[in-house]
Structures are given as C-alpha cells and as structure tokens.
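Each of the next two complexes has subunit A plus one other chain: subunit B in the first, subunit C in the second.
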Partner chain A sequence: MKRTKWFQVRKPLSPASRTLFGILSFVVPLTIWSLVSYVPWIWHPQVLISNPGSVGYLKPGMRANRAVFEQEVETAIANGAAPPEGRPANPVYLPAPHEVATAFYTSFTAAPETRDGVWLHESLWHSIQIIFWGFLISSLIGVPLGILSGAYPAAARMTEPFTEFFRYLPAPAFGALAVAILGIYDGPKIAIIVIGTLFQQILIIANTTRQLDVALVEAALTLGTKRRQMLPRVVIPGVLPNLYRDQRILLGWAWTYLIVAELIGTSTGITWFITQQARYQHFANVYAAIMMIGIIGLGADMALAKLGTRLFPWDRTEATS
Partner chain B sequence: MDSRVQRPSYLDQAQAVRERFDRLKARDVILTVRNLGKVFKARNRETVALRDISFTTHRREFLCVVGPSGCGKSTLIRILAGLDEQTSGDVLLEGKPVAGPGRDRGMVFQGYTLFPWLTVKKNVMFGLEVNNDGATDAEAQARQWLDLVGLEKFADAYPYQLSGGMKQRVAIVRALANQPRILLMDEPFGALDAQTRARMQAHLLEIWRKIDITIVFITHDLDEAIFLADRILVLKPHPGEVQELIEVPVPRPRRLDQCTTDDFMATRERLEELIHRGQPDRDDAEGAPEVDHYPALTRLTDVTDNVE
Partner chain C sequence: MGRRASLGATLGLAISLAIGSASAAWAGALKIGYSDWPGWVAWQVAIDKGWFKEEGVEVEFEWFDYVPSMDAFSAGKLDAVGMTNGDALVVGATGGKSVTILINDYSNGNDMIVAKPGIKSLKDLKGKKIGVEVGFVDHLLILNGLEKVGMKESDVTLVNTKTNETPQVLASGDVDAIGAWQPSSGQALKLVAGSTTVYTSADEPGLIYDVLAVNPATLAARRAEWLKVLKVWDRVVAYINDPKTTEDAVKILAGRVGLKPEEYKPFLAGTKLLTLAESKKVFEKGDGFKSIYGSSKIVDDFNIKYEVYKEKQDVGSYLDPSLTNEVAK
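For the complex of A and B:
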C-alpha cells in the first residue's frame, strides 16, 4: 500500500490531491448545511403546520416549537379532537440550500419592494463603486508612502510610529465624524474604507519593500546607479510582484469594511438590500446576497491572480507554492 | 614524519615567469591601497577588521586575496567597491581617491545578484542604461558581451531559467559591459559545484586574456587562487593584516593539469603554511575573539568493528 503524504509536514500534494481537497473545502460545509436542512431528524427544532386541526391558535404555514406542537397533539388526541398536522422544520433564519440557490436568481428578478427601492444589481454596483473609490484613494496614498518607508529608514521613522498607533483605532469609530464632515451619502462610506485600509496598507507595503534583497541594491550601486534612479530602477521593480500580492490581500480587507461603511449615513448598496430582506424575513435572499459578496470577492481575487502571472512572468513565488 | 619532497622554493621563478612579472610591474598602477584600516564599533566593543593594509595592482593584473574566515577579505573588497567606508587609509584608483560605489569598479558577488525582473540581455544593459551613454547601441553591446560568454541564446531568458554557472557568467559580463577599470570579485564561484567551478575558472581566465581588465578576486580556495592569480595577497585574521604578497611562479597560460607541478605544489605549501600558522597562537595572544573550537568526542557507540 502506498503511504499517504497527507500527514507529512510541508510535503507537497500531488495535483490530483490538490484538486480533491480544493473541492472538498466547499463540499464539506455544503454537505453539513444540506444534512441539517434535509434530514428531518437532524436538528429541525420546529414544526411547519400544514393543518391546525382543532387547535385554534395554529395557522397553516406557521412554525411552532416541536415541544409545544407535540403537547397539542397529545391534548387533542386525549380530548378526541382532530390533532394538528405538520412536518419538522428549521427556523426561518436557516433556509435550505435549494431555497438560497433559487434566491440567487429571484432576488435579481424581483422588483424593489418599495417605490424608492433599487434593484439588487443596482445595490451591488453601488457597493462595488464604494469599494473601488475607497481602495483607490487608500492606495494612492498608502502605496507610495509604504514604498518610501520601506526604502528610506528616515521616511519609515517619520510615518511608522504614528501609523502603528492609528491602525488600532477602529475605522467604524470614525463613522459619526465622517458623516459630520462628508455628509450622509457616499463620502463617509468611502472614508471608512480608506481609514480601515490605509494604515495597514502603509505598514504592509513598507514591510514588503524592506524584503528586497540588499545585494540587488548593492549590485545596482556598483553598476553606477545614482540615488534618484534607485527607486524606479531597482526598488519598485524588485518588489512589484509582492506588492501586487499585498494589494490583493488588502482589497479583501477593504471588502470586510464595506458592510460597516454602508450602514453609516443612509444605508445603501448590498447592505441596504440585506437589511431590507431581513426585515421582510426573506432569509434566503439575505444568504444569497452575503454569498454574492463572497463570490465577487473571490472572483476578483482569482482574476487578479491570473493577471499577476501575466504581468510578472519572472515571479517564482507563486510557481513554487 | 617529514614526508615532504624537496621542492624548489615558491620564490624561484622560471625565466619566462620572471620576465612576465617584470612586464607586469612596468605597467601603470591601477589600484593603490595605502594603510587601509577598518574598525567596526558595536556598542562598547570595537573590532578591528582590517589593519594597515597596503598593496598595489597593475593594469591587467590578476590579484587574488586569500585568508581564513574572519580575515576581513570581504570587508576589504567592499571598501574597494565603495559599499563600505574605511576607518583610515586610502584607496586610489589610477591615483584618484575612491568615494562611494561607481561604474569604474565592477563587482561580482558570491550570491546571485542578477535583477530577476529583467531578461539576461536587459541585465547586461543595466549599467549602460543607468549611466545613460549610447543607449542606442546598448543592446548591440549587450549582445556582444553575451556572445563572449556563449549565452547569446539566452538573451531573452529570465535569470531564474539559468543555472548557477550561467548566472555568474551573466553577472560578470554585466559588470564588464560598463567597461570598469577594475573588476572586483567576491568569492564568485563559491556557490557552484566543483565541475562548474573549474570550468568557470578557465572561462574567467579566457575573458581576462581577451579584454583590458584588472581583476581583484577574493577566494578561500587556495587552488583556485593559484590557478587564477598573478599575485596572491595573503591576509591573516583578528585583525586582518597582510601576511605576504606572493608572486605565483606557475607559468601562463594556465592549465588544470599544472596543479601537480612543483611550482604549484610549492606555492600551495607556502599558502597553507601561512594560513594555518598564526591562527591558534594568535587566538591565545589576543585572548578575545571567541574561536570556534571543536571538542574531543567521547565514544557513543559500543559496536566493536571500528570504522577507522
């Protein structure tokens, strides 16, 4: 029998095992969800009433706690009255996979519930724009500052101690302030994303820049590279693939601030959609919307990873992992 | 146990060799190092890395620097390159003091320092481009240099696609493309396997013969030093000082089979004597720098058939 490599520390997997485990990472949680949803004796703490029988307060389509339901059944039988009927059900906040899958489609086709409401695709597009502007503004400041800090110790000492302090301040804490300064529309939302991303960004980019092999800088010096040429000719090209990877991670970070940001001022975007649907107890739609964020985030990251291998053909980090 | 064969001294030079050295010394002085000293200060401790180093090299000379670890040979070459600053003394290149790194001194490092984001050709063009001269024919020049080391086929490859020996060949021509007055090499073949290393040594001599370049080459491999050098500067450690500047009596052109000749063996014996002498008693005298000493081992096995 071939000895398995699965439990050897840092031993690379075969391509087949890689694919297998990759698929399993999604299949396992989905299976657990399906089991809980479709196997009647697993969890299902409630009963969905189909026929109230003789019990007055029960209505068809109502969910009752199982204990209450069973007691009503016993009482009815003991009194010789018609017992209520129903089937085991989960609480309304845990829809089954097929319901969420349907909601993926129907939530796009369903017209807004209120007159001033927006369609789902409009909500999503609004969220994507908030992320885009927040991340762009953060990067325009954070990337140059990070590179400078990584390259020049003087710049690092000038920025990093304060940045270290500021990054511990929770971005949502600036919500009220941002509204006071920037109004109730998109301004404060973008600001929250910038505050949440920028300070981490400066430190991460600076750290990555510091990873550049000093020997490359020295080699460039012995070839006659002047000081002003060092950043554009050696430092930036040298760290670019890693910097790009950092930006991908930071973009994911920006997404995590989205929901908080969109709650500030007037609720907008996908957050508005989620809170609306939750209010109407359309939990399948809520799950679908949350998953859409995940799919957009993962999809964007995978697209950027693909683009990265095109942009940096010399980069070996990805190839060896 | 004096098993040594009686050999001619390493100081005896054949007629042709002596004439070569006379011609060499008649050439211009390229590099002058005068009373060079380097002290590292770490908190309240001072370590003297180099003390009173003086020597000169002539145009088209091949100088090797050898010495045990800790003798400051890397520090020396870094000062020559302008990457470190000396504490005292002068480094003069063609009579002018050296200040900071510059294109007049090319350097090849032990580690691979090709720019990974540039193709082989672009790496060779790097020096020409940053110095902004003849950007029009930089590419043509790069191709010529790659031709010289037989890597023209790899002009558009990235460094990661090359073997270690190929990388160092590119690193050498990258430095040479700038047409420096002197080429500094810091154990450039140290990371290569034995075969590649031998081929690179022969190849380097080939390059050196064909162009007007003075080479200062650091190594800890004595055979490598004798095989390559006109003269060998022997340093001793703690602090780094010049022990002797040996004129290698082995005639040129050099061939690998010369390593069994009397000249070669005599030079090698002398080098070993210089390098192994002075180390232990030096430590006692100095008392300080913790030397790595290997303990006598106790026997840890009870099998009876001894391996030796």
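For the complex of A and C:
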C-alpha cells in the first residue's frame, strides 16, 4: 500500500485501502462530534447549573450562557453571597454521541403511553410505506416518460420544457392543495413525494437514455432492426444498468422530501416522532430518529447496489462506484 | 383508518390528475382535529376511557400540529377542530367558516411573551424584535399587551416564527422576545437562563378562549351527536378537576405528548378548563373579556385594525351557545 498511489487521478484503490477509507469516512465525523461533545474547552458555550447558589432564577439542570454565568459568579462573590456552580455544557440541541445512542435504544423499547399511541417501529414502517408508494407512483410515470423523451426528440420537446419549469416549483407549497383534494391522511403526503421526485426523475432518466452509445443504434439499424423493436430490444437493454443506478439516487431524493411531506395533514410517521420530541427539547431522541432515517436509507441503497450487480453482471461501471 | 383505501385512491389520482374531489364526511365517525394544547389534549382522557362509545357517539380524533389542523379544517376535511376564538375568526375570514359550540378553556397564563435577560417589561421592547407566529393567537396577545402600555405594533418588529421553534429562536439571540404558548413558552424560559415573562394571558383572562369549532354543515346535519360530544366534555373536566382522579388524568395527558406526569402538571395550571355550566356564563352576550361575544368582538376589531384580515366578521354567526345551554345542568 504505497501512499503515492492515493494521489493518482482515477487510479483504482487496493481492496484494503477501500475498506480503510470507507471506515474512515464514518470515523472522522464521529470523532469531530465526540471532540465537540466531550472536550470541555472546545465550544461548550453554556454552563449546566449544578447548584444555583444565591441566584434566584437559576435552577439545577438549567443551561446558562457562559457570560451570564460568569457575571452572576462575580456579582455573588462581590456581594459575599454563594456563587452558582456548574460545568461547561453544549446547548441542549447538540446532544453527545452516547446520549443519542441511549435514546436510539430507549425510543424503540418505550411502549406507547396512550391507547391510540404507536410504537416507534410502527411510525418508521408508516414512513417507509409513504416513501414506497410515492416513489412507485413517481417511477410509474417518470421512467417511461423519461425513456421516451430520451429516445425520441419529439417526445422530449413535448415534455421537457414544462418539466424544466415545474421542477423548480417547491413541492411543499402544494400541501394545502393536496390536502383539499386527497384528504388528511397518507394521500397528500404521498403526493408531495411524487411532486418532489417526478420532475427530476423525468429529466434524469431522459438524459441517461440519451447517453446510449449511438454506435449501438446504428449497428441495430444496419442489422435490420424494425422501428418498433428499437425501444424494447436496443434502447432499454442498453441503458438499463444506468437507469437502475439513477433510480437508486432518485430514491434517496424521495427520502429527503419525507419530513416536509409528513408535516402535511395529520401528524404521523417518523416526523410525528421528531416534531413531538423537538417541541419538548428532547434532542437526543430527535437525532436518534434522524440517524434511523440515515441507516434505513443507506441500508436500502446498499441492498439495491448488491442486487444491481446480480441483475446486470455485464455492467462495468458498477464495480468502481 | 382507511389508509389502504386512500393509497389506492392516490394511485388513481396521480395517474389521472383530473378526478375531482369528493365527500366531506357525512356519515361515519365525527372527525375532530386536535393539537398540543392542554385544553384539547384533555380529550385524550375520554378517548382512552372509551367515553364516546359509552355516550353512543362515534368520533375520530386526529393529532395535528396547530396550523395544519386549521388548514385541514379549512379544506373541509375535518368536522371540527380545536382552535382559539380569535383564530376561528381568522380562519373564517379566509374561507373556513366555523361555529363554536363548546368552550374548552381560557388561557390563564400558558400564552406568554418571554423576553431575554435584561428586558423586564413590555416597555423595554420598544424598537426590539419579537418572534411570533404572525396572524395567530399570540400575535393578538402581543398587540393586546402593547396597547396596555401605550405602544403600537409599529413600535416593535415582529419576526414570523413557528411556535414550535420559538425556544431555539429566543436562544439564538436574533430576537429579543418571543410569543408562544405552552409547551413552547415554558421551554423557552428553561432554555434561556434569566429570561422572564413580560406579559401572559393571565394578565387578560378571556382574551384567549380555546374552543371546539364545528363545520356549520355538519352541525346542522348531526346536532344530536354533537350534544353527546358535549356531554363527554363535562365528564372530562370533572375527571381532571376531581382530586381523586387528577393524577390518573395528568398521566393520560402527559402520555399523549410524551412527557412525565410531573412535567405536565404546570401546563394544566395555566389553563382554566371550563365545565359546561361555566361556559354557559361565558356564552352569555356581553362586552369585555368575560363573555366570548365580547372577547371575539375585541379580537375582531384588533384583526381589522392590524389588517390580519380585511372584512369585519359577524361575531354572532361564529357562536352557537344553544348546545351548551341544552346540556348544561
């Protein structure tokens, strides 16, 4: 493992280096987070009060800004009263890694408190269903339309100018309309995911289709392929591995719309959990929930990537991604 | 819940976007939207205990964030929603006409203007920034407070802020005060050491009534069922107020919002829950804050003056005391 190799443009890494860097990509951010959380002289702009001393408005467990705290200590000492005590702390909305890890576990094991309450895994499952349906509906429209646009310039002119326009419109702004048409349950949430994903999808799929090697088309024509056979026999098989990869990226895109989508209509899913916990400043739980979304998203993507290598063994670009 | 049905419906709708909307719920359960305010979370007692079934009325309570709950009501997707008497006018002026048949409570300190350390009174806020959800209930609280100390809205700068986010916004230091209700107001006090309340709804009891506002069409068609809902409310208030059962009630309320019971208790203290007998008095016509007519009239004037909406609302048409009077003993 020679170090100079790392800095050669597009030179493939050895398997050992690949693994090493993959692990590092997680370890580095985690280390930064730990340093900020556990090393008292890095950041820690507040003081967690342990003993309020003579200061009336401070209470144990409260976080005061350091300047305010130091001011109060000085005043108390000058007046000969008991100074407040405490230790450096970060703001409540940056919990430490171990707090988030604990919250991760306890939020799954905590039973719902009310009779109509739901477990966290039920909330998560609900969110996954929203994504599934939103992405499925978007794909049912977007993939065929994208392929047609990529293959036939006429179809492209019919769809793309409008799509280019519409993709800039903010999906969440359609929330009220979606509620008016589709009700307060899952309908409007799914609709927001569709609106957020579909227009990007059409353009991306069209672009990928356009990148099909012209030589393939010409060879097919030379060999006497009929016009109606071109699409199913040549174009689609030719771009399929790339389409599959596009779809993986677009699925991630759909996930980013989840939180805004789930705020529309009744509060449900993982967003219900996040907003409810944030309202009461339980930020460890909030971050735990955010992590869960990350884990589910990454997990699904890795599974799809594995599946991709099975489905398209002839695809060469996959191996290096 | 008809989740699967609605998924199927979405599929159909997305494929052919031309299908028109259908059906406010004329049959089936009464759909009521509620959100995180003690006077509405109180319904949870009846939900958990199955009291609606005992009274023979079918209801479905749907949990929302406050503003989305009003949006859903405006869109005709709910038969009723919990909102303040002032917001009922705001929602009504923009198309979501409602009739208030029940007064859950009046805010007795839970709505607050919380100022950062160093600001001791409303007067100190002159020329300063206040974070508040513009156009809704605590905007009104600010206007009311400012007027008392001889100031106008133009003497301060209002920064439109989601109520949920007011604690962080105050902590950020970008504003000098926030207007919010519990739990957000209390979280702000906790989050910013040394911050104080400079004005609360306890300074003007009756400025903010929290009510059950019903879609007028559903009210006409299903009045008998709404009477039963009111009966259940009286049981809820009795259960929460009875010292023998308070503890159990607080446990249920705290469970709904994900808090420990002892953390939830203070929120109830800032909310004066009203029995039907008590609301009957509030429903009597009169001027001033003791009557919901007077209160709503004042709110309407405020809203016109500060251009929350343009046209005066017929306050009387928003209120229907007859159901409360019928059930109250």
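Note that in this section the second predicted complex is superposed on the first by the 296 of 321 C-alpha atoms of A that agree within 3 Å, B and C clash if a C-alpha of one lies under 4 Å from a C-alpha of the other, contacts with A are read in each partner's own complex, and residues count from 1 in each chain.
One rule holds for everything that comes next: a contact is a pair of C-beta atoms (placed from the backbone, for glycine too) under 8 Å apart; a residue touches a chain by one contact, two chains touch by 3 or more.
All values reported here derive from a predicted model rather than from experimental measurement.
Undergrad: Put the two structures on top of each other at subunit A: do subunit B and subunit C fit, or clash?
TA: Once subunit A is superposed (C-alpha atoms), there is room for both subunit B and subunit C without a clash.
Undergrad: See if subunit A has more residues touched by subunit B or by subunit C, and give me that chain.
TA: C
Undergrad: Kindly classify A:W314 by the partners it touches after superposition: subunit B alone (first), subunit C alone (second), both, or neither?
TA: A:W314 sits against subunit B, while subunit C stays out of touch.
Undergrad: Is A:W6 touching the first partner subunit B, the second partner subunit C, both, or neither of them?
TA: Touch partners of A:W6: none, neither subunit B nor subunit C.
Undergrad: Is A:F26 touching the first partner subunit B, the second partner subunit C, both, or neither of them?
TA: Touch status of A:F26: no partner.
Undergrad: Does subunit B (first) or subunit C (second) touch A:I190, or do both, or does neither?
TA: After superposing on A, A:I190 lies in contact with subunit C but is clear of subunit B.
Undergrad: Just subunit B (first), just subunit C (second), both, or neither: which does A:W272 touch?
TA: A:W272: touches subunit C, not subunit B.
Undergrad: Report for A:W41: first if it touches subunit B alone, second if subunit C alone, otherwise both or neither.
TA: Neither partner.
Undergrad: Looking at A:P237 after the superposition, I want to know if it touches subunit B, subunit C, both of them or none. Which is it: first, second, both, neither?
TA: After superposing on A, A:P237 lies in contact with subunit B but is clear of subunit C.
Undergrad: Could you state the shortest Cα distance, in Å, between subunit B and subunit C after the structures are superposed?
TA: Result, nearest C-alpha distance in the overlay: 32 Å.
Undergrad: In the complex formed with subunit C, which residues of subunit A make contact?
TA: 49, 57-58, 62-65, 68-69, 91-93, 112-117, 129, 133, 137, 140-141, 175-176, 179-187, 190-191, 194, 263-267, 272, 275-282
Undergrad: Flag every residue of subunit B that touches subunit A in the complex, lowest number first.
TA: For this pair, the touching residues of subunit B are 81-83, 100-103, 105-107, 109, 111, 113, 115-118, 126-127, 130-131, 158-160, 171, 174-175, 178, 184.
Undergrad: Can you list the subunit C residues touching subunit A in their complex?
TA: 1-3, 6-7, 9-11, 13-15, 21, 33, 36, 44, 47-48, 61-65, 68, 71-72, 75-78, 117, 164, 167-168, 171, 183-184, 187, 190-191, 193-194, 196, 252, 254-259
Undergrad: In the complex of these two chains, what residues of subunit A are touching subunit B?
TA: Of all residues in subunit A, those touching subunit B are 213, 215-216, 218-226, 229, 233-234, 237-238, 240, 312-316.
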